[in-house]
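Would you mind keeping the following structure in view while I ask a few things?
Order of writing sets the labels: A, B, C and D. Residues in every chain begin at 1.
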Amino acid sequence: MESNDKFQDECGVFGVYGSNDAAALTALGLHALQHRGQEAAGIVSYDGEKFYSHRELGLVGEIFDEKQIIDTLPGNSAIGHVRYSTSGGTALRNVQPLYADYSFGGLALAHNGNLTNANQLHKELVNKGSLFQSTSDTEVFQHLIATSSEDRLLDRFIDTFKAVEGAYSLVALSRRKLIGARDPFGVRPLALGSLGETWIITSETCALDIIGADFVRDVEPGEIIIVDEDGLHSYKPFLAVHKRSCIFEYIYFARPDSFVDGRNVYEVRKAIGAELADESLINADMVIPIPDSGVPAAIGFAQRSKLPFELGLIRNHYVGRTFIEPTDEIRHLGVKLKHNANKQRLEGQKIILVDDSIVRGTTSRKIVEMVRQAGAREVHMRISSPPTINPCFYGIDTPDRDQLLAAQFDVEGIRKQIQADTLSFISIDGLYRAMGETNRDNDLPQFCDACFTGEYPIPLSDQEKGQSNTQMSFLAGLK
Amino acid sequence: MESNDKFQDECGVFGVYGSNDAAALTALGLHALQHRGQEAAGIVSYDGEKFYSHRELGLVGEIFDEKQIIDTLPGNSAIGHVRYSTSGGTALRNVQPLYADYSFGGLALAHNGNLTNANQLHKELVNKGSLFQSTSDTEVFQHLIATSSEDRLLDRFIDTFKAVEGAYSLVALSRRKLIGARDPFGVRPLALGSLGETWIITSETCALDIIGADFVRDVEPGEIIIVDEDGLHSYKPFLAVHKRSCIFEYIYFARPDSFVDGRNVYEVRKAIGAELADESLINADMVIPIPDSGVPAAIGFAQRSKLPFELGLIRNHYVGRTFIEPTDEIRHLGVKLKHNANKQRLEGQKIILVDDSIVRGTTSRKIVEMVRQAGAREVHMRISSPPTINPCFYGIDTPDRDQLLAAQFDVEGIRKQIQADTLSFISIDGLYRAMGETNRDNDLPQFCDACFTGEYPIPLSDQEKGQSNTQMSFLAGLK
Amino acid sequence: MESNDKFQDECGVFGVYGSNDAAALTALGLHALQHRGQEAAGIVSYDGEKFYSHRELGLVGEIFDEKQIIDTLPGNSAIGHVRYSTSGGTALRNVQPLYADYSFGGLALAHNGNLTNANQLHKELVNKGSLFQSTSDTEVFQHLIATSSEDRLLDRFIDTFKAVEGAYSLVALSRRKLIGARDPFGVRPLALGSLGETWIITSETCALDIIGADFVRDVEPGEIIIVDEDGLHSYKPFLAVHKRSCIFEYIYFARPDSFVDGRNVYEVRKAIGAELADESLINADMVIPIPDSGVPAAIGFAQRSKLPFELGLIRNHYVGRTFIEPTDEIRHLGVKLKHNANKQRLEGQKIILVDDSIVRGTTSRKIVEMVRQAGAREVHMRISSPPTINPCFYGIDTPDRDQLLAAQFDVEGIRKQIQADTLSFISIDGLYRAMGETNRDNDLPQFCDACFTGEYPIPLSDQEKGQSNTQMSFLAGLK
Amino acid sequence: MESNDKFQDECGVFGVYGSNDAAALTALGLHALQHRGQEAAGIVSYDGEKFYSHRELGLVGEIFDEKQIIDTLPGNSAIGHVRYSTSGGTALRNVQPLYADYSFGGLALAHNGNLTNANQLHKELVNKGSLFQSTSDTEVFQHLIATSSEDRLLDRFIDTFKAVEGAYSLVALSRRKLIGARDPFGVRPLALGSLGETWIITSETCALDIIGADFVRDVEPGEIIIVDEDGLHSYKPFLAVHKRSCIFEYIYFARPDSFVDGRNVYEVRKAIGAELADESLINADMVIPIPDSGVPAAIGFAQRSKLPFELGLIRNHYVGRTFIEPTDEIRHLGVKLKHNANKQRLEGQKIILVDDSIVRGTTSRKIVEMVRQAGAREVHMRISSPPTINPCFYGIDTPDRDQLLAAQFDVEGIRKQIQADTLSFISIDGLYRAMGETNRDNDLPQFCDACFTGEYPIPLSDQEKGQSNTQMSFLAGLK
């Protein structure tokens, strides 16, 4: 009934070099990255002779919960991946890391992001005789590496990165090396950690904490890191470009306890809440978060406004993605699968609801209605992101433009749709202030904020050539 | 690694009479009661001719997520059950509701609670020729009903309730009646609701909210409610006893948005937090809940003490019950599967941690250590229940006495075990004050608080006769 | 498409006392009895302390193919069962052996046969307070044993056998005894074997051969055998009745290499073929069996008639029970899932087809047509049983009377239906001669041949009282 | 315990062009070819827009038994494959037909046979940048087709066939064409059939019979057949070579009702039996086949020798591939999972046992011993093939040379191993006579008989270059 009315991160990656427990550490790391993708998970390890692969649909804690499974992944290096599926089904063949044998030996690859010229590259590769198993970006990486005329693995990667456009933070594992790389704009996060002699590359720092590893530094935009028996090597084959990491990671995707490019996510969210209070405080009895994503901003809002912070909505964490297809009668009941209003607390009150974003608006409208039925006298909605007007093409699953409420209506129009008494979004500059900037540098923005502003830093080649919907395969069901 | 170091509620029940969507409503109700049992769920419906049963291991939202499943449960009355397994495995035959054919027709039964003379009754029934499929309490109910010499179903139930001792809140479904009953002390909760012409009986009121039903009243201790085509009937076959409902439902088991016997759970928890602040405030920089169960009390504590409420610990909701069996090396890392400290927030701070209880103490110790490693300067633990010294025999899964930390040590001893700088539990009278009482009436206590005081209101016959460990079956694996 | 147009045996039983490999021997024995039931199989063992049970839907070789499974069934006594389901689905709760705890300890039970007063007994037991899990005969045995007022297990069994009517060959396992029993008429087979110090009870002797055990003797009609640490005991609590074992076991059910009540099945089938040749030889080029069941009679027919025996029909052993639901176009193709005509061999020939029985006639008609399309000039059908006019109520799955072709038509009518050039069935006396008798003793027939003659030796109480279709349970799907 | 001590055919293929029921016909055809591979099956169909694929481990009748599955395979052309796995496990990715997208569109491919230079080609292709998913021959075909510089599909196939060495009978499906091709020596069978306007290509003619289709002709060695909307086209791009189809298809692999290259398999087997009687008749009481494969030759032997044909061994068709791992005690019992001696028939008799081949000899020895224990006085083994001395590299699964009993011992030595009283194999010339030839033409043998003679018609390049055991992948478990 209630779909997850949010932008969705698509993936998380994790890699380990130099530990007898490489696969176990990877499983733990992926568990900490589970919020970045819940559809499937996989690990590939290497033991000096062979690569070992285990990939499955499901949660990390279900797939890798037994010693026997971990024992099928020997070796002291490993990489792993969690995946969020953008469409209905996920075929197992698309679950990363993807492995292939090359002339130089085996290589496993896992990435977080999205290529914006994948279709074009796919077509060129097929014309040269490459056979694809899927239409995934990752396989484009594989074929580019395979058909590169370079000898050294590093040079094959550089060749490949020169051909691709888009956002990618990837980890790869060859017979002798763990590779980590981040696209030149650094759109998706990637961090470097260590645990004694062991090197770790991960999408977020919370995956370092779970295993007690130390955060070393963020991987830089455009940087290729190679770890081998001689230690860590860093390569920067691209001309320096202006960094444009995704600002939405701070608003919603990343875990509050992670540090992304030097900023603590929880503190940023609280700061946004405080800015929001400065911008749009209204007379009210209390501040209520829409759990769980609205909680840090609501705390920030409450502290700044000196209004009490209260749990007026209770979230049921057991909700799966779907539930019974109801009859019309049931549909009219307005079933509350995910959130319930805490009546006693709300009755007769003027409340400020804090959420992180409004996407389609269906959930917001439902919650406003629920809160009113519980007796709230006034309902003021405050949103800790600017209006989301544009889809993302850099690895985030967003609805098409015509389904984004903010692309159809102005703030007053949105307010009417969700039937709140008042509605405010954080301003773009307020958001940048919460990030610690004076304001947005409109000439050279400090972050990728295309979903708010429409300014896409990386070309959208497939889109522009109308190739994003080209038929990529004649096999039904191939994704 | 981290087991759930809590007392565990064992079951939730739900029943519907008079709706074309009886099974769908029951599925939704059970989903709202999911926190009362996550191992298995079942529904039995009746369509005027036949009973239909679907029971499975797993979460409600996984078992009953498809219209096809709901369509196998036709009829306008239904009962359902969610179950928490007390031991490793749950055989499907133990998943409730249990159904049987009797001389008077079919009857399905589901209960929440525990009989304290079940073993004795089991033995007597087997001696008279009854064949048991399990050693569950519910089957004792079934055989007592079957062998009662009474004609009327109501009288068979009364016969049965006169034979059993213990705590039970049950729902049952016969060909013409929906039955709800609560033991004479009213230990476990049971509430009555309505949705138009439809009657609903449920363990908690949050299961009324999910389907938009109205709360009518609590089922009274010792009351038998029968709903049939003539409407609602109430019977009270027992001499009035003093009500002793479980005080721990308010502390931890029930959902914060539920009303139990007239009190809102969230408000009680906040009140306990406030009392706790009154009793044991200390100089500190902030109040931090151990999520999720410590949140309401922490809010109450923070509001009373005027200290800021902060998320210093982040919970990973994707944790399953188990995870990979780690190597020794990994075990030494102190893996943080469920909670992670939010470093930036804690560094150099004096913090008050609020949790609902300390059972074995393993989790508390781990969290104190985690918080210190994150840089906290002082760690003060505040617990929103008195020390839990005694096991429960009334339907709650508790460790044996010798595993309860508070049964081994006094408060200072516990503090040393968990290595906090200071530790305070709410006092018994503080707890009763938070419940709205002046204090505990030691002659006639208002609640069952045996886990704190050792005063068990209902006899523990099997325990006393040493029969609780008698071999109940010669079949290996029968539970 | 082609269902199995045969009478179907419903079960096989096997028991072992006194071997360290009791469960493994039972699995092997059940594998040899697989032709008696392919839907499900189960084993219960006892190790001196506990009973262990493993039951599953599927073939023995699939269920018990791993050492780990056998290892869950420790002990030196065991019983097992294979089951053929009479209707669409088999619920696991009906898979035998059934186990229960009684006042005297545990008892597991498995039987082959059918009670003709089960419904009446079921009703009486429910009225006295017994709760049934199924409507199976075996559970009637269980409740009668449980509610017997006798002390000794043997006396409880005698009590039980005095109450039941019908055909049964059963094995049971208590804490100290292996029990085998055969109904007073000895309808279904049961044999006793030994392997060193180990005693074995089995439906057929082929299950002795598979483990290299010796055949000792048949269990006698009305005999109860008890094996315990003092050795073998035999009890005959019933007045002697005239033995009436099932003659169809020789025609079709039993495996050709088994000895049933002293006769080798293969030799009987060949003898029937020879008698059939004497009774109905016709000028032809060759004798062709309908494989596999028609082969032994066809060999006997060919040897007696001196016509060549040829494989004119090839059977595909990979056929499952069902296959794709075809379109009309495909249905018109006359798909040959199970048998194919061997064209080269049949073209222009006059052939005698030998089969064991004609039930609905659908397969016979299809095969005659197939053989003609392959070019056969004349098709003469010879059947090694008399016409099957009556259903069986003693443990064989037969269609209702109105679906038995021979109940609707005389021989000439059947011939027209199946479109053979000529058709002959063995005569009743010819059949008895093949069994080594002079003829059928019409006053006191030597075998149960009710399916041919309508003379049922055991009363059909439920049938006569119209109770066979009484609703036994209000639970949909309970069988 | 008893493994299948036989040479094993590895695959069967089937293709349909021009039927609304293409997938259903393919499922039925594969069912008729099930004896050629029981591990897995797959179908790919094309509906004018998309290709549809369904592949699974298991039997055809289990995989494609539901209309819903067939309905996922729309279109009026389809190809299918059944697979026998040469090693322990079969990964789904190896189950054919294999599909890929090429520059010219989609193409699905299924083949029966084995390439003898696959490893060499694999290595060359990887060096040029091709990424392999498996080490299967079929994928070599795919990459050769993909990297061919030709434009037309036919020319890409011709290119491919010029590169490969070995035995192959394949079917392929493109957007406009059904392709069938047989290697220049015609080692594995391939036949052409029609059903009205529908064309069919199949490994064996029994798959035409099952759907009532007509046999048109065999596909010729070296012939490429293309069926498209203009009808049937035949291409013969190779210089004529001398046909050398596999003689073992007649002895064991093909179904008795099939015609292979013009000969009826059942009649050939009977003729071998007759020749064998001419060559090695001995005084005996009866002829007994080792079922099922020995039956036709035993019938031929019995007819020629005028000895009675008897079922002295009963086969249990329910045997799976494996069974319980027995204890030593059980192993000593000489468990008879697959065959049992029919004691009554054998006791005191002089018998001639007829089987098709002796591979490792384990089964033969076991059966001779079993027959003796059943009381046979003399046991004379007659084999309807010459001694199998050499492994096959053309698509048949054979043990290594050192496991072939006939490669270690002469006939007298084999006799001692299996402990028969006498032993004879058919002579090479006797075998050729049974095939209708005067004798073997040693200069230009009429068939491939390398397993008997060691004369391999097609080069064994990988073998000779020692490349057959080269590591083809660094991924553990990749096959």
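Note that a contact is a pair of C-beta atoms (placed from the backbone, for glycine too) under 8 Å apart; a residue touches a chain by one contact, two chains touch by 3 or more.
All of these numbers come straight from a predicted model, not from anything done at the bench.
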Review point. CA centre of chain B versus CA centre of chain C: separation in Å?
Key: 51
Practice item. Indicate the whole-number Å distance between the mean C-alpha point of chain A and the mean C-alpha point of chain C. Key: 62
**Study point:** chain C and chain D: spacing of chain centres that average the CA atoms, whole Å
**Key:** 36
Review point. Which positions in chain B touch two or more other chains at once?
Key: none
Check your understanding: Which of line, ring, star, complete and other names the graph you get from chains that touch?
Key -> ring
Study note, to complete from the structure: Those chain pairs meeting the touch criterion are A-B, A-D, B-C, C-D
Point to revise | List of chain A residues in touch with chain B within their complex | key: 20-21, 24-25, 27-28, 31-32, 34-35, 38, 59-62, 64-67, 69-70, 195, 206, 209-212, 255-257, 259, 264, 266-267, 292, 295-296, 299, 303, 308-311, 314, 316-320, 322-327, 329-330, 333-337, 340-345
Check your understanding: How about chain A: which of its residues touch chain D in the complex?
Key -> 49-53, 93, 99-103, 105-106, 126-127, 129-133, 142-143, 146-148, 175, 472-478
